[in-house]
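I'd like to ask you about the structure that follows.
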Amino acid sequence: MSDNSFGTLFRVTTWGESHGPAIGCVIDGCPPGIALSEADIQPWLDRRRPGQSKFTTQRQEADQVRILSGVFEGRTTGTPISLMIDNTDQRSKDYSDIALRYRPGHADVTYDLKYGHRDYRGGGRSSARETACRVAAGGVARRVIAELLGEEAQIRAALVQVGGLAIDRSRWDWDEVLRNPLFCPDPITAIEWEGLLSSVRKDGSSIGALVEVVAENFPAGLGAPLYGKLDADIASGLMGINGVKAVEIGEGFGVAALRGEENADPMRMHDGVLHFEGNRAGGILGGISTGQPITARFAIKPTSSILVPVPSVNRHGENIDVMTKGRHDPCIGIRAVPVAEAMMACILVDHLLRDHAQNSWHRNRG
Amino acid sequence: MSDNSFGTLFRVTTWGESHGPAIGCVIDGCPPGIALSEADIQPWLDRRRPGQSKFTTQRQEADQVRILSGVFEGRTTGTPISLMIDNTDQRSKDYSDIALRYRPGHADVTYDLKYGHRDYRGGGRSSARETACRVAAGGVARRVIAELLGEEAQIRAALVQVGGLAIDRSRWDWDEVLRNPLFCPDPITAIEWEGLLSSVRKDGSSIGALVEVVAENFPAGLGAPLYGKLDADIASGLMGINGVKAVEIGEGFGVAALRGEENADPMRMHDGVLHFEGNRAGGILGGISTGQPITARFAIKPTSSILVPVPSVNRHGENIDVMTKGRHDPCIGIRAVPVAEAMMACILVDHLLRDHAQNSWHRNRG
Amino acid sequence: MSDNSFGTLFRVTTWGESHGPAIGCVIDGCPPGIALSEADIQPWLDRRRPGQSKFTTQRQEADQVRILSGVFEGRTTGTPISLMIDNTDQRSKDYSDIALRYRPGHADVTYDLKYGHRDYRGGGRSSARETACRVAAGGVARRVIAELLGEEAQIRAALVQVGGLAIDRSRWDWDEVLRNPLFCPDPITAIEWEGLLSSVRKDGSSIGALVEVVAENFPAGLGAPLYGKLDADIASGLMGINGVKAVEIGEGFGVAALRGEENADPMRMHDGVLHFEGNRAGGILGGISTGQPITARFAIKPTSSILVPVPSVNRHGENIDVMTKGRHDPCIGIRAVPVAEAMMACILVDHLLRDHAQNSWHRNRG
Amino acid sequence: MSDNSFGTLFRVTTWGESHGPAIGCVIDGCPPGIALSEADIQPWLDRRRPGQSKFTTQRQEADQVRILSGVFEGRTTGTPISLMIDNTDQRSKDYSDIALRYRPGHADVTYDLKYGHRDYRGGGRSSARETACRVAAGGVARRVIAELLGEEAQIRAALVQVGGLAIDRSRWDWDEVLRNPLFCPDPITAIEWEGLLSSVRKDGSSIGALVEVVAENFPAGLGAPLYGKLDADIASGLMGINGVKAVEIGEGFGVAALRGEENADPMRMHDGVLHFEGNRAGGILGGISTGQPITARFAIKPTSSILVPVPSVNRHGENIDVMTKGRHDPCIGIRAVPVAEAMMACILVDHLLRDHAQNSWHRNRG
């Protein structure tokens, strides 16, 4: 058990606070012989990095990752991979007036109730800054996927709704996601979102969003019965991203309104290969992957750091109003996109190794 | 790591298939000195037991639980509690015509792709029958909660939507949940559901549903940062219930459409006690409980076992149509209600022990 | 974490007390497709069964194992294997006069100090009766080894010292171990031990012993760096057997007196195959198996249940003298022999799966 | 599961190789509010640091520890504590002639057989340099012990045998351990060892040793049944130290020759307090601490890096002779002394938290 680790065979432990000297993670269980350098990880961090558009926090972080162990002569050794990212733009003083105040919607009050202290430096351990470590780990997981499954196995995410504005799925274009700073797969909606976000920002407010993540060309058989279900692990992984309040797989909440014959994806053989005619299951049946695209969606709340005053209390037990100055994302859903991809990559590598440990024996025999 | 276990300090391992001689579970880590007998567990199993109305499977199971270890002279000893329930109504022959066929929407095909065999006896390990073990474990967890936190700490669930028909929340009455076989908190909607379910059953079909679970009067501080978040564990636990495709906490998917000032629950001191004016957070901030009611909802798909033929394939790789005879629940959402309560009880006990291990020291000092 | 489980990928959870209705275990993570029936497990239990000679407890237990789950049509399914053994000869009354007394050398007092209760029924959970579950699990592990590695991979143990009488290693004959009830590999020493044990038994006393366990024809590469070392796991597994106070690998305590050139096993290529000229390392270097025989030895204390009075206290805090009537092993080292084999089998299967998960990829490529 | 982690509630994950840029560890689960700074950890590292006498490697490492996270305003926060130590004296070229050679007695060959590569830089991950991380973690564990149990709870280790020369236990003086560079509790034997070690060093050889570790004034009740036994965890922890081949608790291997009445420590009440008249059990009965001193001993092999040529092979499969130049400890047992203390400290804190989680409830009630 470790509150700051996830995964079982591909196990990631993260450490570090928003305003300490550095953050980082240790990856244990990575197969040896995988080509890996900082250049494989940095591009994913760059995607997540703040300050790239006016719609994310203006905090300036280089987010340069260093590999401190586990790689020798350009390949993983099978021993722990330690990754570190220095915190370069800390500006602790931005937070000094908030030292004794609990920001509503933030974890300030629950951390204090649990641990008996108040780390006022930008959220401390509960800051979204920690997600940089997950993205770095995801970069390693992607290299494992590429070497074990080939380049066709890929994981992509996109922002699909901001506030009340959803994309038009008929215009979905994955290449578009790479082109706009909002990770929007629909160029027309992207423009509408820019208007909405500018307005939200001007109001000193923030807004919620919906993110979708898809993993394609992964093998059938990943996941495990009951308490090792792939969808349960995805639910846990995505719900654990800062600000997430809901997760769904495939048809998701829509299944409540369906009848059995509408929901069950029909199967047919095509040229000797099993084919599903539909994917309401989101690529997972009984907790185990079917070989179809694995699809998940999650809702992320509006940033609680806003310039609008909200009633709150302080450590002395006095009623106050809190408004949070400083540099914040008006829509944390944007930067959650690369984080979701990274979590999915780590979870899938973990299940790939777990399934392989138990089941490659009969497959090799069969 | 164990695919058939959950929890860390209050750890439940379940075993058994739908049509084997018995099913059961082992609970490790239960505190000693807790009064416990079969009579504390049986009522919860009775609530979940099939055959209690025409809206659940007509399979007849006594579901009598036996405590085989871990209790001495009426109290837990701190050693593993082994619970066993005999399978009495197996009727394997009901399933004989399905032996080589993959039922669409079921885990038949993924279990075969993973493990290389087809347990045609009613779903084997992936049958919802396994959930009886969780309900039994939940009965033990409830005793722990009662002794450690007192009777006011309680966990209740209800069915809140069947197909397209949602309850009217203004009529919510917890006592009503105990009165009708559909666990519906709204007596008027309950009657509408009976009509809908009769129609669905007559069509040989099934229907999806939505369940809500609420835990009240639990302390603040449960949960842990990042990968031990209480909401992530709840998401994992509920998503792992058979047929669940979506989970949300508090405001859930609704947060996507909100602004920051709408979403953050204001705080105020009342008579020296911290009070939240709103609970969109569902009782959890930053993965840690606030002391408010912990609220979660999940969507459960329509049973895939229906009398309507659906295109499928068999183990020989031939295209066939499958319709599933036998005794099935037209709405598995109904019997998921006691299962959800049990999962929540086990998860909360686990986090109670985890938080206590690390944090009771400074609280005792403070 | 689970105090009553061991292993990570091949995970065994045991339950049950000496004088409850039954004992048992759940094995999670066994590969599917392994041929398995009760007949594969029962012979190992029969070897450990009490009452087979005058040198073990006269308690009569059939020790009949039943497989309750995880096997279908004669093969493992990949889901949990539940094994149960009824307690048939409990005779609780033998222990009634000891109910409030702490037997010196037993765990009575520490269980009470920890858990706050006294399970006076023959030691409860701390009774050596629990080791029957390990032997049953070992029977499953042996089937996995046979199917994955072939019959030449074998694990055998023997008693090598009783009291001050050690075997003559020049007379070592593994077949002899199967012939005498003392699991002695040296027929001449076996006769001397019979005399010693008869004398010890007549005195109402007991005596310590030394057990050796050897695993041959296992592949190189099992084990893992630092906190997953094969020798550390063997040390933990053997030290966890009731009454064990010391464990050594290979040369063991003897290394303290050696110089570097004496201790390092030389290596040479023979016909293109790496060969070690010596095995002081006991088949393990840096925590990882070399492919040589894996050898371990452990010391087990004399049974604390003796007819000789020893000063003690009772639950009321009064000084008393305790002598333990009832049916006890004069030398628990004898029945530890099959237990040690079983632990070694489970540990090696676990490491086989762990190594395979991470390292079969590069081996398949190489 | 994590091959590079140990502990469950006080969980330590280490990373780094002998000749990479740095080594470090992450401690998860430390209670919050514990006063902690680098100054609490550095003295323990200084004790272990190489180059302090002519009897340890002449490698010069400052071994300066930095706390990168988990401490705020001088106290632990309950979140992960990341510790880092730069490698300053790497001199990779010392090892260049050994790049393709397997050093006998080292893990070179097993790492290659497992992971398919040869990290020739001074042993890479299997180097004893990693033990600096354990000592740093032990420094944190000692702070936890001091705040939770008070200063009287202490853990001390000493070297008790080098080659064939054992100390005279009648001259045991703990203060002496702090005075001589060999951590010897007997000043007269210390002088004899100096002579022996000088001779060994002149021969280009090395020598084995025996270490003893004692934990005093820890509460009864630590440890858990069967697979969470305190002695099993100590056995695992000590056997996992580089070069250790044997571990014993209390009377250890000596129990093999004892009779029951000799081995069972008598109990008596003294002034209302339970008192053991003897400690052959080494402070542990049934895997659970008695409250007496916890005593363990382990044997550590002679360094395999010697100037005496030993037959070996290289990666090309050719027979060669290997002698290891460079800077090495003639007796690695010396620097294992602070490592053993650190492992014991971490293990005891872990069990303290585990026991507290489950058992403080009934104790508080009682």
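Chains here go by letter, A, B, C and D, matching the order in which they are written, and residues are numbered from 1 within each.
Quick note on the criterion: a contact is a pair of C-beta atoms (placed from the backbone, for glycine too) under 8 Å apart; a residue touches a chain by one contact, two chains touch by 3 or more.
Quick caveat: nothing in here was measured; it's all calculated off a predicted structure.
The chains that touch both chain A and chain D are B, C. Chains that touch both chain C and chain D are the following: A, B. Set against the C-alpha centre of chain B, every other chain centre is closer than that of D.
One inter-chain figure worth recording: chain B and chain D are separated by 45 Å, centre to centre, where each centre is the mean of the chain's CA atoms. Measuring from the averaged C-alpha position of chain A to that of chain B gives a distance of 26 Å.
Centre to centre, using the average C-alpha position, chain B and chain C are separated by 38 Å. Chain contacts: chain B has residues 1-5, 8-9, 14, 29, 32-33, 78-79, 114-116, 125, 225, 354, 359, 362 touching two or more partner chains. Put simply, chain A touches chain D in their complex at residues 1-5, 8-9, 11, 13-17, 20-24, 26, 28-29, 32-33, 66, 68-70, 72-73, 75, 77-82, 114-117, 119, 121, 124-125. Residues 1, 9, 29-33, 78-79, 147-148, 225, 353-354, 356-362, 365 of chain D are the ones touching chain B in the complex.
Those residues of chain A lying in contact with chain B across their complex are 1-6, 8-9, 14, 102, 104-107, 109-111, 113-116, 125-126, 130, 161-164, 200, 203, 205-210, 220-221, 223-229, 231-240, 242, 245-269, 272, 274, 277, 281-282, 284-291, 299-306, 308, 310-313, 317-319, 333, 354-355, 359, 362-363, 366.
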